[in-house]
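Two complexes come next, and they have one chain in common, chain A, joined by chain B in the first and chain C in the second.
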Partner chain A sequence: MDREELEEQVLTMLEEICDDEAVREERDIDLFEAGLLDSMAAIEVLVAIEERFGVDIAPTAVERDEMNTVNKIIHQIEIRL
Partner chain B sequence: MRFIDLVATHAAATPAAAAQRTSDGEEITYGELWERSGAIARHLASEVPASCARTAPVIVYGHKSPLMITGFLACMRAGRPYVPIDCHSVPADRAAGIAAQLPRPTVLATEDFPAAAAATSGTVLSREVLRTLIEAGGSVSANRAIAGEDTCYILFTSGSTGAPKGVEVTAACLDNFLAWDLTLGGIDKTGLVYLDQAPFSFDLSVFEIAGALASGGTLASLTHGTQQSMAGQLAALAASDIDVWVSTPSYADLMLSAPEFSSSLLTGVKLFLFCGETLANTTARRLHERFPGARILNTYGPTESTVAVTEIEITPEMAAAPAPLPVGRPRPGTRLRIVDGDGTALAAGAPGEIVIEGDTVARGYFGRSDLTAHSFSRVTWEDGTTVRAYRTGDEGYLDDEGLLHYHGRLDLQVKLNGFRIELGEIEEQLRRLPGIDAAALTAPMRDGRVNHLVAHIVFNGERLAGESDFRLGLRLKEELKASLPHYMIPKKIVFLDALPMTGNGKVDRRALAETRG
Partner chain C sequence: MGFYSSASFFIALVVAIVPAAALGLTGHRIKPYGIAASVVMLAFLYSSSMRALGAFLLFLAVSTVCVQFTLASWRSGRKSIALYRICLAATLAPLVIYKVSVAAGPGILGFIGISYLTFRSVQVLIEIRDGLIEDLGIVDFLYFLIFFPTITSGPIDRSRRFLADATARLERREYLDLLTRGIILLLVGAVMQLVIATILLSLNQVAPDAGLPNVSTIAMPHGLRGVARAYLYGLYLFFDFAGYSYMAMGASYCFGVRTPANFRAPFVATDIKDFWNRWHITLSTWLRDFVFMRFVRMATKRRLFKSRLTTACAGYLVNMTLMGAWHGLTASYLAYGLYHGILLAATEVYQKRSAFHKRHKKDRWYLVLSWFITLNLVLIGFALFSGQAQTIVINLMKGAIDG
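On to the complex of A and B.
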């Protein structure tokens, strides 16, 4: 999977979980501050990452400020692929 | 026996035992708790004559620190009602709104009290002042302590008209609740460790505060800071040695997402106590799998009837069955009635509004006799006992075995992650923002529970140059944060030209629920 394909898949996934297509344009916005993610939705993100990319990120392995933006979530997947 | 007398007994018998340990490393013993609360109580008692104490509430402001618990006890011992306000879940404007509803309340500010709220309060005692009072020592006569119909605490919950309303719970309510609470789960409750996770401004926290301190137990408090990280929470839980788990089902679900959350992490847990929202079968099933030795109790009750009034043990068989879990049978001292719109009692099996009668029903809403008259009344049972009754606005039914089943709300109140929210309060706060002409909230469900909040608004105000709907939504959410707690901020804001209306001129919420932004 190339970077563009990965990005597209992450964006689709976050669009669903955050219920907002604006995440496509706003990749550096703090999703927790914006009210688009909370603790439960963050767990959903981790589950979805495992389902889509086969990348297992334990809830204990990342702190909130390591996956609070679209770009950081993409980065967390990339370094584990 | 009175709650406060039970705490005194433990302070005398086991003064070195820990009453509270926080995940930030703070600790207080029963001896310290008693001594320090006595010193602060002396000051609180000196402020007003004994005859006026019952109507002179004190705000106890801060987070999960020993000084907060000390403040609660100090108020009880001084005979004054306490109003707990959690600094992390109650923003400044809301704290000010609460203070404004009270008669110039004294404030025990264990954390910095917002200036906006101080403006509508009486004397604010800072941390430093509280420390000085503690160093000066002294105590207060046991006769001053709250008893019977005195108000013990006032908890502010979401109100549909835009302002929170204060539920006034009496000392007798608390003592009667406690007598039942201590029997739950059929285990010896002496000296156990209780999980303390819910904010103190939420009545679920009374489950653990009253339960732990009445039985010489220890509160294992998870602070806001600890709760920001899953790894941090698991480490704090592993170090806490919890016997009794008290939380909303949502919080258990969150922890269950970590595979480490099992009996090898919490080796001593004997009892899971759930309250505040619907317990899903899957949550109970997963807990039974991970904690085979522990019992699970489901309970139900609004703040207006003191924490909880029904209970039932959820067995693995019940959790595995497809039927939704019941919330149980009423405690001794409580009677339940299911009524129709006219207040006529309905037969078993018929769904209607749940009415709670009994010796833990609160006095009413502080300073709001109009709201109190609407929901509270007095009833006399056939044995001659007169008790208060509360119309919950909850819908449910009693089955043939007398078990209560909870369906949801009859009005616009929702539970999100255990937090009680009046959609009307959010709508009112939105309408107060400049540029918003109309607002209506919906609360989409998933797996039988509210998943998030969506605000549908008509905005005719100014946009910043090039501001997208998304950016404007963010700006409005930021503005809302000044007056509403984080859990009441909508996840999504949808912009409409007009709100859809039904034939009789009301907002068509069904149509709104189907709109996509």
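On to the complex of A and C.
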């Protein structure tokens, strides 16, 4: 999977979980502050990452501020692929 | 010797801190001395009861063996989930046996700090399985468990964070800053627990000592007295436990360990979720990370519930009922846990569904009202916790029956 494909899949995934297309627009905004993610949705993101990419990220593996923007989420998946 | 309550403890603490400060201020690592100091302090703690000492050593042995077995399995690549589960069960066993036996009569396998040590061991095991802990020496693991400043009642630190602090070699200036803050925390905590909490407790005593001011001697309507008692009890709980927690933090700082804070102005919380981010923080975040998130993850994967909201509600109920059971298997503690589970679930539903909430959540009057409701819900929770609420209900029922 190349970077572009990964990005597209992550965006589609986040769009579904956040139920908002706004995630596509700005990739460096804090999704929690923007009200797009809350702690429940964040767990769903972890589950979805495992199901789609086969990447297992344990709940205590990364701090929230390491995974609070679209680009950071892509990065966390990328380093584990 | 009672930790953070007896004069002999404070004398021993000061004596123990002096060499730690000398090491820290000369740029040496405190860890080897910290281990020795912890062993001596724990000898004082458990010296009064051979049974407690035996239970404590048994716990350490079981935890160490389980952690090393699981670690070996993960390092070798076998990653046996069956072995992990057996080890997890064995690590939990002493606490479960103790809590069940206490509920049934005389407790067995108990010792001061068992609840808190169990949290620490379980965290290590789970994080080995998650692949987050790949290397952990026996001495380091034991230091994490027996670190005396926080052994009796937390705050519940995490092993990776604790060991990063304990093994770091601090610069003189850095340690001086930590030591200063540690001493201030010790003093602030001592005033909160030994002075303010003691006064609040005395004000609220049911059978007061003659001459001391007390709720029952101040003239006020009967109904109001109960409310006053509930408020005083809530304040007492806060000053007692937060005071202890600051002292435990302060003592940790003196040994170069930045033990995380347990309280952040809990009585200004504007909803119950906010309250649990401010009250006994290391317990609630531990449960969030190792119970709530894992339950929700499992339920989401298996599609146990139809909606995210139902999953969250089930998660809160499981999480908080377990929290109550961890305090003890009595009606009061279980009711306390269940009560908070229901409150969290109801808050979640209300905040997600109510258009009224979404429209007004940033209004000042709405925040003040939310704060007032939250504060009183919290105090009702404390009344359940202490058994006071049950007494009131029983008295009311008796009154109704007797006419």
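Everything below uses one rule, namely that the second predicted complex is superposed on the first by the 81 of 81 C-alpha atoms of A that agree within 3 Å, B and C clash if a C-alpha of one lies under 4 Å from a C-alpha of the other, contacts with A are read in each partner's own complex, and residues count from 1 in each chain.
By our rule, contacts are C-beta pairs under 8 Å (C-beta built on N, C-alpha and C of every residue); 3 or more make two chains touch, one makes a residue touch a chain.
Just so you know, these numbers come straight off a predicted model, no measurement behind them.
J.: For A:20, using the defined touch cut-off, is the partner it touches chain B, chain C, both, or neither? Pick first, second, both or neither.
T.: first
J.: Quick check on the superposed pair: does A:59 touch chain B, chain C, both, or neither? Answer first, second, both or neither.
T.: Both partners, chain B and chain C.
J.: Check the residue A:4 against both partner chains and state whether it touches chain B (first), chain C (second), both, or neither.
T.: In the superposition, A:4 contacts neither chain B nor chain C.
J.: First (chain B), second (chain C), both or neither: which does A:28 touch?
T.: After superposing on A, A:28 lies clear of both chain B and chain C.
J.: Once the two complexes are aligned on chain A, which partner has more residues of chain A within touching range, chain B or chain C?
T.: B
J.: Jot down the residues of chain A that show up as touching in both complexes, chain B in one and chain C in the other.
T.: 39-40, 43, 46-47, 58-61
J.: Can you list the chain A residues touching chain C in their complex?
T.: Residue positions touching the partner: 39-41, 43-44, 46-47, 50-51, 58-61.
J.: Show me the residue ranges of chain A that touch chain B in the complex, using the header's touch definition.
T.: Those residues of chain A that touch chain B are 18-20, 22, 25-26, 29, 34-36, 38-40, 43, 46-47, 58-61, 63-64.
J.: How about chain C: which of its residues touch chain A in the complex?
T.: Against chain A, the touching part of chain C is residues 127, 130-132, 158, 288-290, 293-294, 296-297, 300-301, 308, 311-312.
J.: In their complex, what parts of chain B are in touch with chain A?
T.: 228-231, 234, 250, 253-254, 257-260, 417, 452, 468-470, 474, 477, 489-492, 517
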